[in-house]
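Across the two complexes that follow, chain A remains constant while its partner is chain B and subsequently chain C.
What follows is the complex of A and B.
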């Protein structure tokens, strides 16, 4: 197979759009939230918990308030008594009676300078009864473990989340009879894998600026999800959403870490108390320890039974995930992890149990493809272990077991035509799998999948009198550039030029609700809405032109800035002529694609992810070089095969792959938050939390497998933002294992861990 | 925060400021970053010395090289004489921090910060550098071998400014090499580091100097390892033996970058690589600068 599959449905030719916000970002003229200043503005600082788990006995703000320059100090006593959170509402803005992780906020200070604010925060006197810190999230589910939330049963929650004690979420995937099938398997392999928590590390630290006008508040904030930020502010301030306007200036990256309502409520509370605008800008250290958003640590146990020919007959798995102190928006992780523990493989019998446990660690929430990279890393190593036990080549085992058209998923979702196997073939072809390599190099392979999320969105397209137009969208830009591609799509539909359209976005007062930049969904949902609004305005333009040209609407087309009669282009009217004489404004949402039907009656903790809509499939093949003496791993080459449906903007899509691979390499070999005995971060900084640098980036080659999928997004597209960081670590792991002769079962696979593994009894000691 | 920053326009002004309690800043890559990280607050009184041209000199004198303390890492790496005869220093300066660090960070700052993980320390020890310290009361020249007292501590008095680093002329058939264990290629700090300097006559090593980095409270030479190497041909076994002796002299800590056990084991590996690199260079076999990436994976 040497060519990309491409179906015959015709769409406009993809255009590599140069993003319109690129220049100001590169030139340094762009304005981010931290760059904004309002007259009379104060600066915020937080007082954090001195112990990761403790009861608050006394909070005395007297000295802080007395410090010259301090205008307001706010604690739980000063804000409405409101619990917030996603599927479980378990957190107060300011700790009420208990702190549950080192970043829990006890009080906020607004002062005339940042230095005074921070000094005042330190002057707040807090008396604690220190409680045992529950940092071992696996032991947290033991019957005798103290509870992170003793009052858990009283919280409001989504009833399907499956909470009991420290297990905030519980989910299973049950298909067939895993036990019986396992007993009848020819070969059974087992494996246990552990992952450390990982951070999102956007280059722009969080910043929030809030200003009240009467009982309305405007919040400028570095969020990926302005509408979620708006509802969080409304809820915690006790005001309607119509009294909250959230505006996002340029956003300096997020990687999922800026999803969810975060500190907008705290700053709004300080601004209300001080009657002044208040700005919060995080330090890099706060960006590590204080955010309720990181990729969770996991303990994963797999058992897979197969026939001698490689056919998978049974999978059992037990997954334990570290939720950290609070639910946040990560309530669905148990189920999402369970789906990835099955993977895109043909398996008739499955039993996966997945536990999402509270601990006194930093809260976990969505980071790019939440749960998938860790589970994929473990599962794909487990699959290589199975291949080894079967005496099969790992690629051959995948050829035999990955899903294809007509196969059933873990919940008996039946797949349409999918490009998964072709992503495998293209990746191994691109990297030259099987070629002769030096003895310290090897190639590893990993495959995976990720759903698209169908979510409502809405948009307006309004024409201006001079014939230009403005797209009003709720979509949020998070670095992917997906929003920037909208003018191209609209222009194509209206026979105009992309530069004829501006975008009004990142302002909750302007556009209808949108989920924001999360779930790889901007093109999938927001562009669907924009195209629907475009069709509306197109119909309006045609109707007006039909009157003028005395032609039937169905005989008209939009070409080169004109509405013209098909076949008689000289009979036309310029769009600018029409717009000069009337208002044209379209609105739209577009129909939501249906999720595929499933048979998931045996599963518990069903939160909607048991069905993977328009799934994206992918395989990465990675060549690494391992320095056996030191354990240092260099990733030399990555070949990425991706079925993300039709690629609408090749430049933007490739950017997502490159960034995802580099993020995946970091997760594989160097990125991991280390904790001390009581759950405090030991490396909350960029020197010792090791992101990989540009100099470490490997050669990267991409193969697009473009297959049309029912229920896909606009023009046959699927998502693309999250999957590229999913399979890389698994492929790196399998390559390392080939070089050193055994797997490294702790992520990240740091030099010391690789070295230790390479130098155990049967390792290749130099 | 009410600190003062004075930009000195003459060395005399700078020395006077130091005498009245100010602390110097040149590139600021340690001082400012450290303060931002909360490691150490900025001093109340700071004197900026970055505009003193007399400190930004790099001259060849009497067969040796004199580096004004404001010489940047980038300038060191670009200097043909240093690359040729003091290669270990070029190895080190070429991997300090990032491109930005190397453009702004100075040799003087690197030395005075006295981090046990500083990259240029081992090369300066093995190249027998002297440090020129100046204050209002005069100038003295000290050997770098007696300069470091502990992490962040040196024998320099608070009113003394490091004005130059002097590298003596080195005769004969020599080679030097600095290697560090690093987890990534930029923005890195040594997990463990090693410098080797050898002089050969015929096929024999007649002089050897070995220093270890990030493996003790200060960077230091290891005499036991050096003496094991002298008189040998520097075979793999000879290099290994010396490297093991160097590892035995290591007293590393366990921290987020690595456990003491790992560091000790790595000491033997990287000292061996540094010896092999130095020996190759002494014998005219090219080992590209920086040796750390050239030798990665060498077995």
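What follows is the complex of A and C.
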């Protein structure tokens, strides 16, 4: 069931079009990277670190190279000496002198079969000096802790990150005087929460295929960010970006896990060394432990002071995030987490300190709404604890404290029109909050927010002689359908049909730079560029028609495949007639919306996320059933209220919500990476790392709150991909706490943890 | 050790020379070249590799090629009638059952086998029948709707 609340601005009627890549996907004819084969291709395998933290004393590839069928073995000595990374450049392709987590790569092998490549990788002799593994990311910031990167100060970095020793990033949100206000509060509650790391788990394990042609390399890869992959290959191979072409075949999901450059460099190096095409396909186990992308573990401490009527007067928080071994593209996490620790609440005085610490664990980087689900889970439980201390209903506390039009955010960003409170009202209405339930069931509620990201993008729209057209975009389709929706928008602007347009995408040689599939920003930025290019080509068509029809351009309109005179539709020329006789191609980027102004002078570690552009707001209400004897939680129903601006494709948008909720339920009760005492994953497989299955998934209802927000994206839209997995775990937690009478403060809330809490009178945590 | 055998895939006979231990998914994908079947775990956990053997769904990543010799093998490429989609393939598209598409071949195989056994299922029966196929994109909602929709057709 879906419901909608709408503003009055008029846009074209939303269309749930069938995705243009759909037919090849259901017929099995579409090609993903692992489906590709090049003549003479070799197979790649990696030799990973045998110890999560160790110094390399000797790497001997002699036996591997001697194995029949092995064509090339590559180590650090065989590639340019280049450090790479996002805000901190701290990583080599192949370990130079130290390995820092179990997925660090010491060598790569290219061989005639996959089996030979893996055998050869095992034959590489590596001698180590084992170093103490720093797995406790909170203790890592102690003065006496060994350093994950002893040479950290020498790295190139964004100076605003705020690195010191093992703390790679440090950020604060400071507003008013939190200490003084806390001292004057009527009620103060405190809470400490811990989260385990979580994985993205796209069903397609990643694959990379590279082929050199002279000094140029073409890389087919399952990435969400082809342009970042291109620049990474260029940097690590020591060649210009113009000599690197990255093509993404169909992409089998990403969820952030396939953001950032990485393995494209290793495979390009192997292909160069072997002078043959080389293909890498990850096993499921590698997809767990070797990738530099997981949702990080956190330790979160909150303290909130309120007046008796619920007014929030002060928030203090200390957040410690596990960065793992390398920065990757997750350098901004400390600040993003700090903003979520404030939440979309009215609070006059705030002091949040957020530490992003190196460890010898797997690197953390973006997974769907990075940092938000864990922080929201903790904060929303903390808010329920405050409601309890105040003797207020948790929904009533949120009604009083969530932001609305005219309110100030944590950095004094003033909110324009926002639909947050309506997402709350609609969610509790949809689920029947307050109704009588069996004593093993309860309803929990959680709210949150997430920004839109304004970044450059560019597109071309070119008309073909037969009157059809091709959209050339740098956008990356991850499955959401955001790219697939482009022909509909272009067709509407040109008075044509969606099926008249094809899309050329996922090829870095074809389209201008694009950020790729990350930050829920494909429609926000890439469609903005496409619409700008469409306006360009529309003007060209009108100019040509104006000459032919001897009419003023402003008197012309594009309708049903024609350019016609307004009010006199019989005076027209077919677009196909124009295109048969001329060249029409538009280009565009569109102006970037400005971020809202803030007053954040007291904050450090400012990386741009202190201002939330066109924020998306949401509330989930969740009904759960808890078996007190076993601790097993079943999520029965989720009602999701979302202000993602105008909904442009109802089926596609609902698909994002459903998928996000189910991912959120996994994060809540079953998904968590377990580490051994040196940071190795204990459950790198789908049998022990439990995804939610079809029979576990609950009834899900959606309420769209379609508020027109200034600085929103095309046609009043905001992002939608990341938010739906943010509040679910918090709502589940609050429902569980209602049933068992105590909060479960360790995520995921597994049966063991729920049972222990339900059966512990003093509230001690497992 | 290499072995010669004949596989009947989607009504066509393929003579293949394979390692005796080669899995059905590898042989169909790499030797025969029908790549519609996907491999997501190589361990019977995700269901992306499902094929029909005489109409029964199996995880082809954990099935020896030689076990399938002499039987009718159907992959996702064999579900449509030429360019004409099956009702189930169509409903996957109209109901939002396809996002990234990587689980789709396995889902379609699973659901095809299920509907052949149970042409008029309840929603719960559909959910249980598909619980061996993991999807990370859709939250299963569009997939379940698609199967129920195809059953009605």
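The rule is short, and it goes like this: the second predicted complex is superposed on the first by the 756 of 766 C-alpha atoms of A that agree within 3 Å, B and C clash if a C-alpha of one lies under 4 Å from a C-alpha of the other, contacts with A are read in each partner's own complex, and residues count from 1 in each chain.
Basically, a residue touches a chain if its C-beta (ideal position, glycine included) is under 8 Å from a C-beta of that chain, and two chains touch if they have at least 3 such contacts.
Note that the coordinates shown come from a computational prediction; the quantities given were computed from them, not determined experimentally.
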Inset, instruction - Name the chain, either chain B or chain C, that contacts more residues of chain A. - result: C
Inset, instruction - Return first, second, both or neither, reflecting whether A:292 touches chain B, chain C, both chains, or no partner chain. - result: neither
Inset, instruction - Determine, under the contact definition given at the top, whether A:394 touches first (chain B), second (chain C), both, or neither. - result: neither
Inset, instruction - Determine, under the contact definition given at the top, whether A:630 touches first (chain B), second (chain C), both, or neither. - result: first
Inset, instruction - Have a look at where A:29 lands relative to chain B and chain C in the superposition and call it first, second, both or neither. - result: second
Inset, instruction - Return first, second, both or neither, reflecting whether A:670 touches chain B, chain C, both chains, or no partner chain. - result: first
Inset, instruction - Name the contact category of A:440: first (chain B only), second (chain C only), both, or neither. - result: first
Inset, instruction - Once the structures are superposed on A, label A:19 by its partner contacts, choosing first (chain B), second (chain C), both or neither. - result: second
Inset, instruction - Would you sort A:752 into first (chain B), second (chain C), both or neither based on which partner it touches? - result: first
Inset, instruction - Could you say whether A:686 touches chain B, chain C, both of them, or neither, answering first, second, both or neither? - result: both
Legend entry - Set intersection of chain A contacts, chain C complex versus chain B complex: 283-284, 685-687, 691, 693-696
Legend entry - chain A to chain B touching residues, read off their complex: 115, 283-285, 440, 625, 627-630, 632, 634, 669-670, 674, 682-683, 685-688, 690-696, 750-752, 755-756, 766
Inset, instruction - Would you tell me which residues of chain C are touching chain A in their complex? - result: 29-30, 34-43, 45-46, 48, 75-77, 79-80, 85, 89, 92-96, 98-105, 108, 124, 126-128, 130-144
Legend entry - Complex contacts: residues of chain A adjacent to chain C: 16, 18-19, 21-23, 25-32, 34-35, 37, 201-205, 250-255, 283-284, 478-481, 651-652, 654-655, 657-663, 685-687, 691, 693-697, 700
Legend entry - chain A contact footprint on chain B (complex, rising order): 1, 36-38, 98, 181-187, 189, 191, 256-259, 262, 265-266, 269-270, 296-297, 299
